[in-house]
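Chain naming follows the written order as A, B, C and D, and within any one chain the residues start at number 1.
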Amino acid sequence: MLEDRGAAFGLEGRGKRTREFALSETLLKRSDPRTLSEAIMKKLGVFICHCGVNIAGTVDVKSVAGKMGEVKDVSHSADYIYMCSEPGQQLIRDAIREKGLEGVVVACCSPSMHENTFRKAVKSEGMNPYLCEIANIREQCSWVHQKEKQKATEKAEEIILATLKKVRENEKLEAISVSINRSVLVIGGGIAGMTAALDLAEGGYEVILLEKEQALGGHMTQLSKTFPDLHPALPDLFTKAKGIEMHPGIDLHCYSEMEEVKGYVGNFELTIRKKATYVDWEKCNGCGLCIRDCPVEYVSQFERGLGVRKAIDLLYPKSVPDKPVVHRVHCRYFIDGSCRKCEEVCPEKAIRFNQEDERIGKKVGAIVVATGFDLYPREKLGEYGYGEIPDVIDGLTLERMLSVDGPTKGKIIRPSDGKVPKEMVFIQCVASRDPDRYMPYCSRICCMYTAKQAKIYKEQVPDGQPYIFYMDIRSDGKGYEEFLQKTIEEKGLLYLRGRVSRIFQDNGTVRVLGVDTLTGNMVEVAADMVVLATAVVPSDGVKDLAAKLRATVDRHGFLTEAHIKLYPVESSTKGIYLAGCGQSPKDISDTVSQASATASKIQALLSTDQLLQDPLIAFVDEHICSGCGICVEICPYEAREMDSRRGISVVHSALCQGCGACIGACPNFACELRNSSSIQTLRMMDTFV
Amino acid sequence: MEALTNMEKANKTFLEEVSKRSGEKLSLCYQCLKCTAGCPTAPNMEFRPNSIIRMIQMGKKQEVLGSSAIWFCVYCQTCGTRCPNEIHIGVLMDALREMAMEEGVHAKEKNIHLFHEAFIQSVRRGGRAHEVTMLMEYILRSRDLMKGSLIPGVKLFLKGKFPLLPSFVKGKGEIKRIFEKCKK
Amino acid sequence: MDYLYFPGCTLYTKAKNFDQTARDCSHLLGFELKELPNWTCCGATFPLTTDNIMALLPPSRILAKAREEGTTLTTLCAICFNVIKRTNRLIQNDGEKREKINNFIEMNYQGDLRILHYLEILKQEIGFPQIKERVKKPLAGLKAAAYYGCMLLRPFDEMGFDDKESPTLFEEFLEAMGAESVDFPYKIECCGSFQSVGSPEVATECSYKILGSAIKNGAEVVVSTCPMCTFNIDHKQSDIKEKYLGFKPIPVLYFTQLLGMAMGLDYQSLGFEQNFVDPLPLLKEKGFI
Amino acid sequence: MKNNGRFIKRAMVIGGGIAGISASIDIGNAGYEVVLVEKLPSIGGRMLQLSETFPTLDCAQCTLTPKTVETGQHPHIKLLTYSEVDEVKGKAGDFTVRVRRKAAYVDWEKCNGCGLCQEKCPSKKPSEFDRAMGLGKAIYTLSPQAVPNKPVINPSNCRYFLEKKCRVCEKVCPVGAIDYEQQDRFVEEKVGAIIAAVGFDLMPKETFGEYGYGVIPDVIDGLAFERLNSASGPTTGEIKRPSDGNIPKEVVFIQCTGSRDPERYMPYCSRVCCMYTAKHARLYKHKVHDGQAYIFYMDIRSTGKGYEEFIQQGMEEEGILYLRGRVSRIFRDDGKIVVWGVDTLTGKKVEISADMVVLATAIQPQGEAKGLAQKLGINTDDYGFFTEAERKLRPVETNIEGIYIAGCAQGPKDIADAVAHANASASKVQGLFAKH
């Protein structure tokens, strides 16, 4: 919604002042509005928090309180051990009631902690919450000056005085209420996305589920059995997937990607690109004849190179949805216009070689990003002969082998010659915990899936010997330690503590050179097969997606949460939530709870149809704005737009985050920030210089 | 550098054999080192108790049976009392000593196991351990009369702690029989 | 009442004083030690390996013979106690082994003996308060360190003698006799056992640590329950002196010797001459003799 | 309100720790009414005892109090603190829960939280909240920021209850809120769904004989160290050892005390110790620059986001010495605490004489967990952790519809995981309510 807030607040005087401020200090002094504000002097209150010893240990709060009491428009000044505590807040309420305060400064910790608390408190006494300001004398004073008490005390005084100056000119503001769209977009159809989508749909919200592959399930569809109970992965997953396919509340878009996101919390506008499948999924009955007759076979990514697939094929057998896709790069028709076998055999005439990508516009109120993970790319891993030696594979590849519906029907065999490996080496922390060369972080799941794989291997090849090179065994989930110990005891896994230095091929065997730090001995294993637990990394394109969503990622490309402990599923951008391995590596059960957590946050967010937003945002003095449009360029939140009719720039109140970029950029000082006007800022600075 | 696997193949049995004999779940050991940390004789062992278990897991039969460590254990059971996986290394060591004797592996500290044998001999003769005969036996076997261990004997003797003639038990025939029986 | 008594080899040789004083004290405390006829060596180590039946036989034979004589068996030597008690427990709980053993020793024993250490008799049957009453010469002002060693305490679940990490029974006993018990961390550490023969330096080291710790904590005398330990920590003191200059020898007594003294026995009957480090000067200085 | 009379769309959350609070706020924000039951006089749970939290090292109270305050002020959340669930009847959509409101001996209606009573109370006893290192009054609130800020009298410390004299609090109370005659009361709450988030406890100190725990005053547990390090703790944040108040120069931290110890204590991994021990060591180094911190560990388990990096920093920048292996024995020898371990590098025995030892003792369920589980009819494992419906895909559901679990009551978790787990359970409740 566009609106011109310029006129909403009578701004002529302010506009004049701004211009003068622009002209020169002297001019400013002549028409100093301070005289004005003194004429209608506010009664102010100052409340100083000890924060236990956090502040009082360094700052002499008593004397500060005394000094503040002497400031002439301060009619109440008090200190207390914990202002945020119930009695602390009561002090403030009482003072407002008894002294009829018109402005309040609470000197305490950072506003990010308790600004909300105190604004609520003053509001309950009928004061406009935006007449209450926080003077941060903890993070910005007592904590950083613990050695210099005297100076710290002076600094605290100045900070408070400055904040008083601000409060004097604060205006009463009302929160901006925005109507919101109560449907949700979930990006990613893995276990995280599926869980979030189902929870939300169960909660009665419209859900749009986006999956870039042609079917649901994500990496979990590639797994054989899952730790610690060794349940087969697929059955439960299929029930969930079917549930999603059937659910009236879920609008499923497979083989689709997010093209563009506009808008803000409560009102996101999306453009989804449905990639051309060259099959009319409406018509297709999933009979599979096309697949049977397609003459083109090529190496399957899904099978991690162990199996082949057709040019028209499902992602995996019995996939949900069970509709095939023609893969343009491999399809003969697309290469040389020949073949068309599939078209011929299709009983439903569902093949559409002329199909085009389709763009769909949607509106949602919130977005869940569940983009999942990939394994560290083979190309970049310049060691362990990974990629050159066929019998050196990664964990996911072994999972495919172990899957009964996989390329080897669940049999563990060497890719090179199909022999059953008798000496099996597993190597953990490949590219994880390797700060200088690869990833510094721990991939969290490798210890457990390696133990699981070794167990299954031992069950399949009783006379085989699994060796596991590890650094620390990290089985820290419920039942994990027990699983591990039991497996070691029963299956006689041999754990070797230490990294492998080198792997090379030597007449038919893969020689592994390592060390066992527990004995300090060098060890050499002539292995038949080596399985690398390669690092978990964010899946491709997350960075681009994050950019589109204005969400932030860390240096490895994992999406960053608002607060690691208290807001683990909220992103740095309002209305955008994070679930699953896109945020950091985790196992299935942690992923599932995190996904449900996002659903919970969103249900709370969307439970009302109006959303209240902080009004501390930019506004434009339309008398000054020359419509140069620099602000529109510079605004990182697309909150500024030109009002072509009036030739000025206006503020999109719901989008504006009050970052102040436009204020700095505006060549003729037409932009100001509510309750942080240039004048206020200038006055505050006066206190310090 | 030793090739692990080949040895491993041959001696996978070693871990199993030792486990069976000692009745200890050796594969459970996750090398927390609590045993070594509390062991009174560890400083004198060339392999620490935890290493012994590790070596068994790695199938290093010769090194283990040949090591003095297994003869140094005095079975104070401090380790077993505190082991999180309740592996009684004392028990383990006893099993290893037996195996060493059977295999005729020569311990670096051969004297120690000679002492054990000397003790048995003495009991076999008289039904009761008798220090003098025992010491003589031991010294004869260990062939080093100069060894300090003779001195304690002499001192005790001077102190009147050793009766010159061993006291015999009536049932000693019976004891002999028992020993014989066990030989079979 | 009477208790069957298994002295064990060492108490007939090295540790006569231990044996004698124990017998004398029992008279004064009103119970008899009935020595087993034709007892043999207990084997000195409890067989630890699963298939080693042989080492089980000597103690089993002792137990079987004892059962013919009575119901409660006591010993003094901590090692014998350990071996006998554990064998008894094994026979009690392991039917298979029981059978095997019985047909080896050609007897039939079901493991129904009560095995008590002499100290346990004093605590459970007589009672420390009662002993306190009967003490004629309280050992007032004697700073005594109780040394448990390994065999009484471990393995805990089989011996169940006292708390496995911080036992107190022995101290209570010393205090009952009016002595001042000295707590010291090494009271549960190992003395080096039979290494004193094989590699004396080990035992010397262990003993030095034990005595050193006791002395540091103010002990004037160390009290022992085990001839093996006593052999090491008493006898080794000459070696310790050679190795650690400035080490002051400290008397090591069997608890029964102290008991006897407190019960008013003539000190000449307490076999102090067999103690390696002569305790008499100390005892004189304390005015006990 | 979304209430259709038949299916009661009102939830009860049992346990007012960070998990319970997070769940309550979520459900409350979604517009449903929540009854939050806490056995202690005020909410906040274990997190209130912590000093700083890993891996960001921000102060626990600072991150927690906004949440507790929000909970206290929340229009949809009804607090029943100092209360325990007594009986549960009914099924999803129609539970009747009988709650015992323990006698506080203070009329909370009257009490204005002025704090005079606590100030004047003459009886000082070791406070459980400070792990018996500081003294607490017989009439107390858990912290100055307590929500709600109402005191209770602990009869076992109160002179009046012990020897029928004193009554000081009664005299000083300006509003006459003290009521020595108060009895436990029972209230019934009708709810449609229940979340059990009763949190965790640490293994009792007496358990660890070989570590002299409970015998040697300077052998403390992780929570005790948190209190020592906390600005609101007994030493106002200075690292002083309990025995003599001296600043310890050599501190030994021992992980896996009681955890991963299948034959003797708990077979499972307590999940948080590796990280909080690393945090302890770092905080210690921040305050005692010339001190040395040793950490005995078995495997370093830093699996969370930013955790590995956190440990690395500790090793590189703070020079914390990690020794791989368990400690065999700890005992006191003239003034020093002797620690017997093994130096991993040489494999030789080491003897560290330390000034203080901190044991990362195993996390175990609250004592009442099993009893509560029976009342609710949900399953627990052998240790008393609540059992989830399915380990991976249904981690917050239980065997009973309408009853969910959150936080460490289900298994050891760090704060981040506990919060997410709690939000998840809240989501399930909202889903359940929306369906009817």
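Keep this in mind: a contact is a pair of C-beta atoms (placed from the backbone, for glycine too) under 8 Å apart; a residue touches a chain by one contact, two chains touch by 3 or more.
Here the structure is a predicted model, which means the values were calculated and not measured.
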Exercise. Average the C-alpha coordinates of each chain, average all protein C-alpha coordinates together, and give the chain whose average is closest to the overall one.
Key: D
Quiz item: Is the number of contacting C-beta pairs greater for A-B or for B-C?
Solution: B-C
Exercise. Please compute the C-alpha centroid of chain A, do the same for chain B, then give the distance between them in whole Å.
Key: 62
Exercise. Compute the distance, rounded to whole Å, between the mean C-alpha positions of chain A and chain C.
Key: 69
Exercise. Mind checking the centre-to-centre distance between chain B and chain C? Centres are C-alpha means, answer in whole Å.
Key: 23
Quiz item: Once you find the CA centre of chain B and the CA centre of chain D, what distance in Å lies between them?
Solution: 50
Quiz prompt | Two or more partner chains touched - positions in chain B | solution = 30-31, 43, 50-51, 78, 81
Quiz item: In chain C, which residues are in touch with two or more of the other chains?
Solution: 164
Quiz item: Taking each residue of chain D in turn, which ones touch at least two of the other chains?
Solution: 210, 260, 262, 329, 347
Quiz prompt | Pairs of chains satisfying the touch condition | solution = A-B, A-D, B-C, B-D, C-D
Quiz item: For chain D, which residues are in contact with chain B within the complex?
Solution: 210, 256, 260-265, 298, 324-329, 340-342, 344, 347-349
Practice problem: Under the touch definition given earlier, write down the residues of chain B that touch chain A in their complex. | Solution: 1-6, 8, 12, 15, 25, 27-28, 30-31, 50-51, 54-55, 57-58
Self-check item: Sites on chain A touched by chain D in the complex
Solution: 52-54, 57, 81-82, 84-87, 90, 109, 113-114, 116-117, 120, 191, 195, 199, 202-204, 226, 228-229, 231, 236, 240, 433, 435, 440-442, 444, 472-482, 485, 520, 558, 563-566, 568-569, 583-584, 587-590, 592-601, 603-605, 607-608
Quiz item: Okay, in this complex, where on chain D does chain A touch?
Solution: 26-27, 29-31, 53, 55-56, 59, 62-63, 65-67, 69-70, 72-73, 113-115, 144-149, 231-232, 236-237, 260, 262, 267-269, 271, 274, 299-309, 312, 347, 385, 390-396, 410-412, 415-417, 419-428, 430-431, 434-435
Practice problem: Please give the residue numbers of chain B that touch chain C in the complex, ascending. | Solution: 20-23, 40-41, 43-44, 71-72, 74-78, 80-81, 88, 90-91, 93-95, 98, 109, 111-112, 115, 119, 123, 127-131, 135, 138, 148-149, 152, 155-156, 159-163, 167, 169-172, 174-175, 178-179, 181-182
